[in-house]
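You will see chain A twice below: alongside chain B first, and alongside chain C after that.
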Partner chain A sequence: MFNRRFVMLSAVAAVAVMSGAPVGAQAQDVKIGAVLSVTGGLAPFAPAITAAARLAVDEINAAGGVLGGRRIALVEADDQTNPQVAQTVATRLVQVENVAAMVGPLTSSNVLAVSQAVTIPAGVPLVSPSATSPAISPLDDKDTVFRTVTPDGLQGRVLARTTRERGVTRVAAMVVNNDYGRGLQANFIAAFQEMGGTITSATNFEENRASYRAELATAAGSGNPEALLLIGYPASGGNTILRQALENGFFNRFVMTDGMRDGSVIQTIGPQNLANSFGTSGGSAAPAETLKKYQDAFRAKNPSLDPMGAFAPQMYDAVMTVALAIQKAGSTDRAAIAKALRDVANGPGEVVGPGDFAKARDAIAAGRKVNYDGASGPIEFDAAGDAAGAIDVWSVKGGAISVDATVLR
Partner chain B sequence: MSAEAVGLTLYFVQIATLGAIYAVIALGLNVNWGFSGLMNAGIAGFVAIGAYTSAILTAPNGAGQLGAFGWPLWAAWLAAMGAAGVLALVMGTITVNLRSDYLAIATLGIAEILRLIVRNEDWLTGGPLGVTPLARPFESYGNPWAPVLFLLLLLAIVAVVYWLAERAIRSPWGRVQRALRENEAAAAAMGKDVRNFRLQSFVLGATFMGLGGAMLAHFSKYMSPDVVDPLTTTFLVWVMLIAGGSGNNRGAIIGAFLIWGIWAATDFLTAYLPSDVATRAAYLRLFLIGLALQIILIRRPEGLIGERPPRPADGR
Partner chain C sequence: MSGLEFVNFYLIPGLVLGCIYAISAVGLSLLFGILRFANFAHGDMMSWGGYSALVAVTFLGIGPWASIPVAIVSTVALGLLVQRLFYGRLKGANSVVLLISGFGVALMIRAILYFLFGPTEVTYGLGIQRPFVWEGFRIQWRHMYFIGTAVAIVTALHLFLTRTRTGKAMRAMSDNPDLARITGIPTDRVVTVAWVIGASLTAVAGVFLAIDTQLSPLMGFNLLLPTFAAAILGGIGKPYGAIVGGLVIGLAEEMSSLPLIDGQPLLTPAYKTGVAFAILVAVLIVRPTGIFRSPQ
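Right, the complex of A and B next:
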C-alpha cells in the first residue's frame, strides 16, 4: 500500500509543479531553450558557456527585449552529456515549454540525436555553440540546424600551418577517441602532410585512464617526433598525458587544440613546462574593440570565469542571433525564426555586435538589414548552417593563456 | 486537446518510450540475475551489439560504415536479438561457469572490448561519428501521432517480452533456474545440467537486451558509441532492477519506468528554484538520486515489489 500511495503522490506532485510557472518567467516572455551539459563529461565547460548565455539574455532584456517589449526567458536544461537524456529534456523544452528556438546541445552526438528526433520534426530552429562534427552539416534538417562554431576543418588546417611555421616537422599524435578528437586529427594530418610534415604515429586514447605511459612510450619511441599533438580535454586525460609525458621525458613540446585551452592545464602542469607549447582554438575574429565590450560585460557579471573559455563567446553569439532573428521574424513562429537567422547574421547590412542589441533591434524594427558580427567572429551562416569563423593561435605566457594570432577563414 | 495538453502528453510519451526500452533491457537482466543469479555487468555490450546490428542492417547509406543492406525493420530487430544471443552463446560457453563476481568481471571486460571495437572499427560502425540517419517506425504520421504510435508498438513489445519471461519463470525451466541460484550443489545433485541451464538463461537474457538495443537505436535515430554509455545502459539498468524488485518481472518493468522518470525527467524541477540555487541544482539532483537509491537499498532491499516465489516448506 505504501508503494502505491507513494507513486500516486509523486505523480500528483509532479503534475502540480509542472502546471505552475517557473520562477521569474511570465506568460508574454519569449522562451529560448538551452540544452546544456551541466553534468557528465562536458561539465568543466558548462559554467562559462552557461554564464555567456545568461549574459546575452540579461543584455537583451536590459535593452528592452524583443517584439515591442517582450522579455527573453532562457529555459535551461541539463542533458548530462548523454544523448537519451538530451532527447528527453529537449522534448520538454519543445513540447512543454514551447520554446521558440533552442541553443545547444553542446556535444555533436547530442546535436545529432536531438535534432533528428526532436527539433527537426517539430521545426524548431537549433543553434549549437560547440558541436564541431562534420556529420552535422549534411543533415536533412529543413534548414533548422545552425552552428556558431566553426566545424573542425578550419582548426585542423590552421594548427597544421602553425606547427610548420614554428619549425616542427615530425609530430606524434595522441587524440581522444571520439568524434571531436578523430575528426580534428584527420583534418590536421591531411593538412600537415600536405605542408611537408610527417606524422610519426597516431594513437587514439580512451578517457579517464589512470596511466597513459604505454601509449606515450610507443609514441615517443617511433620515428623520433619533435612534439606531441594532444587533442583531448584536461580533466579526462589531457592533464594526465601532459604530466606523464614530462615526468618520463617522453615529450617536452606539445601541440594542442581548443579542448586543452583551459586554466587548469597551467595550474596542473606549471607554466614553465609549457613554454614551447602552443595550440589553436575556435577563437574570435571580432575586432579588439567589439571583443572588449563582450569581455568587460562578461567579467563584470562573472569575475571568476574566463570570457574566452571554450565556446562561451559562441554561446553568447548563438543567443544574440536567435534574439535578433525573433525580432526579424516579427513573431515567435519557429519557421519564420529559422528563416530569419541567416538574414540577421550574414552581410551585407548595418554591422552590429556585442552590446549593440538595442541598436540592432531598432534597426530591424525600422526595416533595415543588419549583419551581426559577434564576440566569436563575423557569424556568417553558409548553406549548411555552419558559421565561418576564426581560429586563435595561443600559447602560455606569464602564467596565462595568451592569443598570439587570429586566423580568419 | 489544447496545445499545452498535447505538448505535455508528447513529453510523457517521450519519457515512457525510453522507459519501455529500458523495461525490455531490465527484463533481460532479470532473466540473468533475478532468475538465475548470473551477475551480468556487460549489459552495455549486448545492448550495443543489438543496436549496431539493427542500425547497420537498416541504414540507408554505406558512407563511413558498412551499410545499405536495406533490411526491413522487423527483420533487423530479429537479427539484433540473434546477434546478441550468438554473442552470449560464445561468451557464455567460455565464462558462464564462473562464480557470480568473476562472471561480472568477465562480462564487463567483454563489453569494454566491444565498446573499443565499435569506437575504432570505422569501416564497420562509422567509429565515433556513428551511423545516421536511422528510420523510426510511423515517422510519416508526423507529430503528435508518430511518437504515440511508436510508444504503443514498444509497449506491445514490452508486453510480449513480459509474457515470455513470466512463462519462463513459471515453467519447470524457471524452477530449475531458481534452484541453481539458491543452491547450485543441490540442483546438480538432483541431476540438473548446471552449465547448460545457466547458459540458456544467459542467452535468453542477452536476446532481450539486444532487442532493447535495437529499439534504442531507432528511437535515437542515430547510433554512436555515446548512445550506449555504460553509465546509462549498464549501471542504470541494474539500479532499475534492484529498485523495482529483482526476480520479479513486474518489478523490472516498474523499476525501469520509475528510475528513468526520476533520472531524466526531474531536471525540470530546477526551473522552479530560485536562480542562485538553480545554478547548483543539476549537481544536487544527482546527489538526491544517489540518496534515494541508498534509502531504497537500506529500507527495501527487496525492491519496490520483491520476488514472490512459492513459499518454501520451512516458512521462511
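Right, the complex of A and C next:
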C-alpha cells in the first residue's frame, strides 16, 4: 500500500537521522557496533542488556583499553525490534561508522536479517547475546556469526521436561510468528511429544494486536488443554494474551520462555494469577564467585537494574570476548577478529573472567593463550559459533521471578 | 461450538475491537473531510491520549474512566497546537508534503512519549477482572461501557452533524470547501471545531485501547493501519462510513480464527491483519470510493 510504504520510509529515515555517533568518540577509538532493541517488542529487556554492554566497555577502558591504549567506543543503534530497521542501522554501523565488530542484534529474526544482508558480506564479526533460534547455527557465515547464548534446542528440551515433571500432559501452544517463536516451538513440541505429552493445538500469533480473544477461545476449546505454552514478548502481545486468557477463563496456567521472563509481566498480570505458571530462559552456568564479580560491578553502576535480567550477562560476555579478540587480532582487521574469537573464549588457556580484563589483555599481549569464562557461563564457541550454556527454570514467587533450577543438559 | 460460545468469544470481542477501531476511524475520517489530508499522526495522538489519562490516574488518584476528560483536553490541546504550528501553515501544500509532515508530527509525539514515559509498557493498574456472567452469556463490564460509549458517540455526532449550524457547516465544507467558503461559512472556525471533535474521539479511543490492553508509546501507531482501513472502507471523509468500516474490520479479524472445521482456526491468526486488508481491497474493487462514497 502507498501509505504503508511511506510509513516504512519515514521510519527508516527517522532512525537514520536520530541515531548519531557516540559522544566524544575519538579517531583512534576502536568502534564496536551495538544493535539493540531499545523500542518495540523487546524494549523491556533493553535497559539491563544495554547497561551490561556499557559496563563491559567501561571496565575495558578503565583498564587501559585495547591494542596499546586505544579506547573501545560502543556505537549503539536502536532496531525497534524490527528486521528491516535492524538492517538499515546495521548497514550504517558497518559502512559509515566502520565498526570493527558488532554485538547484537537481540532477536533471532534481526540477527538473520542483519547477518545475511550486512555483516556476512562485509566480513564483520557479529556476536549476539540473545538470538536463540536454531536457524542461526547452519548459516553459511564464513565463521563470522557467534552467540554467547545457548540455542533453543536445549531450552525446548528443558521446557518440555519441566512441563512433564510438573504434571502437565496436554498443552495448547500460542507462539509469536517469527524465527524465534517458530524455532523454539518446534523444539518444544518434538521433545514434549517424545516424552508422552500432547499438543492440543499450535497457533502462531501476530504481534501488537489489541485482541487475541478469538484465537485463545479456539485454542482453549480444542482438545481440553491443561496449560498454554506462550512464546512471545511482553510488550508486543504477551501480556495482552495472558490478561485476556485469564479474564475469560480460557487458561489459568502458563508455560513460558525467555521472551516472557520480565518483571512487567508480573506487574501487569499480578503475581497471584501466575502462581502455578513457570518458564525457562538462558541461565548462567558460571560458578558463584565468577558471577558475583559481575553482579557486584553491575549493581554498583546500575542500582535499579537486575544484573541477571534476561541476556544481560550474555551481553557483558559478548562485549568482553569481542574486546579480547581485538587484542588477540592485534588490529581492527575484521577477519582477524572473527578468527580470534574462538581462540580467546575456548580452552585450554589461562582462565579469565569478569573484572579480569587488564590481566587477560596483558596475557594476550605477552603471547599467552587465554580462556574467557564469563558471567553467563564458560563461553566455548563450537563449530557453528554457538556457546553452550545453562537453562534456568523460573517461576513467580513472592511477587518476583525466581530461579527454581539451573540445568546444563 | 455452541451459539453462546460464538457470541462470547468471537462476536463480542469482534464488536469491542470494532468499536475501538470505529471511534478512532471516525476522528480520522472527520478530520480528513475538513482538512483534506490524512493525518498520519493520528495513531500517536491516540497514544498521547492514553498517556494523558495515565498522568491523571497517577497524580490525581482517579480511575482511568474518570481520566477520560483529562485525556480529551490534553489531546485537543495537542491537536490545535499541531494544526497551528504545522498543518495550518502548510495549507494548500502538495498532499505528499502534508503526509510527510504528518509523519514528522507523529515521530515528535512518539519521541516525547518515549522521553517522558520510557519504552516499558505500563497499565492503569486494573489487574485481572473477571467477567459479568449471566446464563452462560459473559462480557467484561468495561466492554459494555466501550460499546455503550461508541453508541452514544455515534448518536451525538449524528445529532451534531444534522441539527446544529456548525455541524451543517462541517458537512458543507467536507462536501465542497470552495463552495462553503463562498457561502460565508467561517472555515477557520470549522477547522477548529473539527480538531476539537476529532482529537476528543482520538483520546477516547486511546484510553479505551489502553484500558483493554496496555500503554506503550507504540500502541496508537500499531492501530494506525486498521484505523485507516476502517476509514477508507467506509469512504474516507464520511464519519458514518468509518463506524461501519471499524465494525466490519474488527469483526472480520476476530471471526477469521473461528474453528469451523475440525477445531482448527479458519485462518492462522498470524494473518489476521491480512483479513482486514483483503476485505478492504475487495470492497474498493466493487466500490472504489468506499461503502459510503467519499468526496473526490
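Convention: the second predicted complex is superposed on the first by the 382 of 409 C-alpha atoms of A that agree within 3 Å, B and C clash if a C-alpha of one lies under 4 Å from a C-alpha of the other, contacts with A are read in each partner's own complex, and residues count from 1 in each chain.
Assume a contact is a pair of C-beta atoms (placed from the backbone, for glycine too) under 8 Å apart; a residue touches a chain by one contact, two chains touch by 3 or more.
None of the values given here were measured: they were computed from a predicted structure.
Once both complexes are superposed on chain A, the partners chain B and chain C clash.
Touch criterion met: A:N98 reaches chain B, while chain C stays clear of it. Contact with chain B, but none with chain C, is seen for A:T107 once the two complexes are overlaid on the shared chain.
In the superposed model, A:A210 lies in contact with chain C only, and not with chain B. Of the two partner chains, chain B is the only one that A:A135 touches; chain C does not reach it. In the superposed model, A:N82 lies in contact with chain B only, and not with chain C.
When the two complexes are overlaid on their common chain A, residue A:T218 makes contact with chain C while staying clear of chain B.
Contacts of A:G270 after superposition on the shared chain: chain C is touched, whereas chain B is not.
After overlaying the two complexes on the shared chain, residue contacts for A:V38 are found with chain B and with chain C alike.
Applying the stated contact rule after C-alpha superposition, one finds that A:P234 touches chain C and leaves chain B untouched. Annotation: chain B segment clashing with chain C after superposition, chosen from 91-99, 145-153, 199-207 or 253-261, is 91-99. Residue overlap on chain A between the chain B contacts of one complex and the chain C contacts of the other covers 3, 7, 38-39, 177, 204, 206.
Contacts from chain A toward chain C in the complex involve residues 1, 3-4, 6-7, 10, 14, 38-40, 43-44, 46-47, 177, 201, 203-206, 208-218, 221-223, 234-235, 239-240, 243, 246-249, 264, 267-270, 273. Per the touch definition, chain C reaches chain A in the complex via residues 1, 5, 8-10, 13-14, 16-17, 20, 38, 40, 99-100, 103-104, 107, 114, 119-123, 127-131, 138, 140, 209, 212-214, 216-218, 222-225, 228, 253-259, 263-265, 268-273, 277. Chain A makes touch with chain B in their complex at residues 3, 7, 17-18, 20, 22-25, 38-39, 50, 75-78, 82-85, 87-89, 91-92, 94-96, 98, 107, 109-110, 112-113, 116-117, 121-122, 133-135, 139-140, 177-183, 204, 206. For chain B in complex with chain A, the residues that touch the partner chain are 3-4, 6-8, 10-11, 14-15, 18, 116, 119-120, 127-130, 132-133, 136, 139, 142-143, 146, 216, 219-222, 224-227, 229, 231-232, 258, 263-265, 267-275, 278-279, 282-283, 285-286, 304-305.
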